[in-house]
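Structure in structure tokens, see below.
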Amino acid sequence: MAKRFNFATFAALAGLLACGTASVAQNTPAKTAEEEDVERVGDLVLANHILADQGILDGFGHVSVRSAKNPNHYFISRSRAPALVTAADIMEYDLDDRPIDARGRNPYVERFIHSEIYKVRPDVQAVVHSHSPAIIPFGVTDVPLRPISHMGGFLIKEVPVFDIREAGGDATDMLIRNKELGAALAAKLGKGTAVLLRGHGDAVVGQSIKHVVLHAIYAEFNARIEAEALRLGGKVEFLNEAEASKIAAVNDSVVERPWELWKNQALSRSQSR
Amino acid sequence: MAKRFNFATFAALAGLLACGTASVAQNTPAKTAEEEDVERVGDLVLANHILADQGILDGFGHVSVRSAKNPNHYFISRSRAPALVTAADIMEYDLDDRPIDARGRNPYVERFIHSEIYKVRPDVQAVVHSHSPAIIPFGVTDVPLRPISHMGGFLIKEVPVFDIREAGGDATDMLIRNKELGAALAAKLGKGTAVLLRGHGDAVVGQSIKHVVLHAIYAEFNARIEAEALRLGGKVEFLNEAEASKIAAVNDSVVERPWELWKNQALSRSQSR
Amino acid sequence: MAKRFNFATFAALAGLLACGTASVAQNTPAKTAEEEDVERVGDLVLANHILADQGILDGFGHVSVRSAKNPNHYFISRSRAPALVTAADIMEYDLDDRPIDARGRNPYVERFIHSEIYKVRPDVQAVVHSHSPAIIPFGVTDVPLRPISHMGGFLIKEVPVFDIREAGGDATDMLIRNKELGAALAAKLGKGTAVLLRGHGDAVVGQSIKHVVLHAIYAEFNARIEAEALRLGGKVEFLNEAEASKIAAVNDSVVERPWELWKNQALSRSQSR
Amino acid sequence: MAKRFNFATFAALAGLLACGTASVAQNTPAKTAEEEDVERVGDLVLANHILADQGILDGFGHVSVRSAKNPNHYFISRSRAPALVTAADIMEYDLDDRPIDARGRNPYVERFIHSEIYKVRPDVQAVVHSHSPAIIPFGVTDVPLRPISHMGGFLIKEVPVFDIREAGGDATDMLIRNKELGAALAAKLGKGTAVLLRGHGDAVVGQSIKHVVLHAIYAEFNARIEAEALRLGGKVEFLNEAEASKIAAVNDSVVERPWELWKNQALSRSQSR
């Protein structure tokens, strides 16, 4: 056991160092699509650790990234707790959710969230599905999640809620476990950045892994602030659409700043050993 | 002192490594009941550390597992804070709560919670009693705890509340300190997975140690989400029984995934030294 | 600077090891009052670290213990953040708040909280004054803090609130900075275990350092549970006085169990370096 | 990468040790303005780490200090997450926000918050701008933030709210990105210690770096307590202006006590590696 354990630790560190190298390479010109994919896989391993460290993912939930080389493929971990994901866990799927080289690794049941969004949103390069705790209450009430903090500007306006009963009837197991449910969820997302799943969590998208991490973390932050503000009992002022759109563009442009922090925090507080 | 201290640390680590070994052995065919019990004791030590690390247990509360070799026996720590429990602290009791080999170790006063549930619920292999903080408010109000997040599906429907005044009168010390009170609590639990204790906490059951840990952690999670949702002030939609039952079965089937995470977290953030 | 820093660390560790030794000696017969005081000072250093680690004290607040050798004296740190207190910081005062051997060390302004309680409550051996965050709201509203969790049984019934305006007028600096204010606070405490200070915090007492730590930590816990329960919106059931008194006695009798945990947590997560 | 990484760590430690040295020098007579500025830069690096460690700043927000040598200059980090700031990141600006020696380092977009406050408030030596989570709800409702805890006495009375729509119209990106907006914010601050920014955060000032850190941390604390108290549902009693002013002066006079704690906590829980 001790040896297997050490090996796992080593594999994790190797994956993270690979990310580091990838980051350094980021601004290098003439990067090939293959090199870009190596970088994306490295960032994907890190994103798993960051989203766990920031309390967005626990033992469940997942993050994926589209392949640069083949935009009809995407990368996602095998079925594993995000805080423990290493480069060896990352699998490649096509948009029919067939693994390219499974090697016995089990998939996440809800990978259809990812594939169906990639199909209809070519602008989306990365997807997070989480059980983000401050988000869930907004999915089970008729109080809409809206941008109230400028860090939540990317929500733009009221976030739609997907109730699986609309697409799957009233006796599902709540999971997005096939293409039909995934497609219905992607339709509810529409052109937005986030969609809530009733009694379940959310799906958030971004133009890169770093952006989807930014959006997932500040969707939770915005939900916490909104719940607190509503409870104060006075009149509540939200961002209007112009404000939300403009600050969203600014925040997206400085994503490297929080990413550097989150990477450091995740590495220094690593939950695997 | 320094020597006793180091010895305790050593004993703790030895217990945890034993768990690791047990885990590796888990899928080996032809495991004897004795080997199964070694594994259960190892998982029980880990469950103590995990439930403390996840904030379900503090200096109080306890977790037990039924013996595979003798289903009328169960294992539980001596009276000690769960975060500090080592293999040397685990005691074996019969269902009349007589220790098999006490060696001077003090029992938990409320061990009757465990024995009386094991008596009437042969399907139950493990029990947690906790003062889970988000749970307690639902035991002192007439607002029922219900499955609102799909991770709380195992609650199935409204969780019953045991008020000790019904069985013990209005001047008890609030504790389940004898068979009669334990039996009354077990009756209130019925065929369910959780029962609340008014002004006190809860008892949660599972078909294995890993499952009872899953249930204890997500009972707290579900309670937190429900409280937040109720406070948002709108109409609240809960899981219906079909949804709750189905997702409960799915979540139970993937218990190894969060267990791997919780084990890593508990070991990397160990509170004993 | 590096040298002074290392010395402070050394002094802190020396203080904590002294505590360990004292604990081992605890059940030894024929302990002299001097030996008992050495033990109390050791526990006092630990109590400072524990209360900081548990979030009851931050940079402010303090804990004291009565002298066994001279019950008209008490021990308390010089004016320093509790998480950083070492044995070298502990000062001895008489009940007129004159330091026995100040050696240039500055006192806490509000030490009168301690001396005035010791004067009128011979049963009290230890006092905590804190800005415990969940407690403060109950001191500024007319909603009383009451035992709602069995771990808060020691509160017995509604906790009195001391408004400094009653004793000091409406233009004080809010602090218990003299004997008169201390005496008025002690009178409001009466025979109880806790008293709230409006817009400020609380004072909690115990029959030993370990007990006052138990009371301070679970006063905060009980306040958090009560606030949550009240917000659920239904009818709330509190412990009655018989229940509260009986469970308080039981909890006091097992104080060594959580103390062992808190000591380990404080030492393993030490905030000084 | 590994080498760059190690260098960054080294630079961070060098910055922090410099602070330590500066602290020792603090009470030395005849300190020159140059020596004072070295000390201020050291404290500024620490303040960045402290405010991140205490949850006041995340990847965004900033803290600055006025130059002692040239009171029309101020020091602030380049655009970087506060937890990662080292001495090498600190830049000097004049009050027209021109960098003295940029060396390619990028500025914070919202540095105008700092310069415009320094222009009109000669008593202010340090400024924090944060997205302090408990503060934001008070900026989006008509429920005023007021001193309710004696640690929040420095707020004195109702804290003004700056709505950027008043000065910038209803289609800004929410940021204080030029002199005009900075001046309008400084005007709203007036002679106070804090001002809220609608849908954004706050700006807090102090007579030194240590004081602005004290104010930023306890503004958040006071907001949390006030929100909790308001939700209990009874009548709420706030500090009156005499009480608030007097305790503010006392708390300011003991700023070294919490600063010593926060410094230790930030160093022992450092988020960079």
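Residue numbering begins at 1 within each chain, and the chains themselves are lettered A, B, C and D in the order written.
Operating definition for what follows: contacts are C-beta pairs under 8 Å (C-beta built on N, C-alpha and C of every residue); 3 or more make two chains touch, one makes a residue touch a chain.
Note that the structure is a prediction, hence the values are computed from the model and not measured.
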Handout entry: Any chain in contact with chain B as well as chain D
Key = A, C
Problem - Proportion of interface numbers common to chain B and chain C (over half same, under half different) - result: different
Handout entry: Centroid distance [mean C-alpha coordinates] between chain C and chain A, Å
Key = 45
Practice task
Find the geometric centre of each of chain A and chain D from their Cα atoms only, then give the gap between the two centres in Å, rounded to an integer.
Solution key: 32
Handout entry: chain A residues counted as touching two or more neighbouring chains
Key = 231
Exercise for the section: Considering only which chains touch which, label the overall pattern as line, ring, star, complete or other. Expected result: ring
Exercise for the section: Any two chains that touch count here, so list every such pair. Expected result: A-B, A-D, B-C, C-D
Problem - Interfacial residue positions of chain C with respect to chain B in the complex - result: 17, 20-21, 23-24, 148-151, 153, 221, 224-225, 228-229, 231-240, 242-243, 246-247, 249-250, 254, 257-262, 264-265, 267-269
Problem - Footprint of chain A on chain D - complex, ascending - result: 1-2, 4-5, 58-60, 79-81, 83-84, 109, 131, 133-134, 136-138, 140-143, 163, 170-175, 198-200, 227, 230-231, 270-273
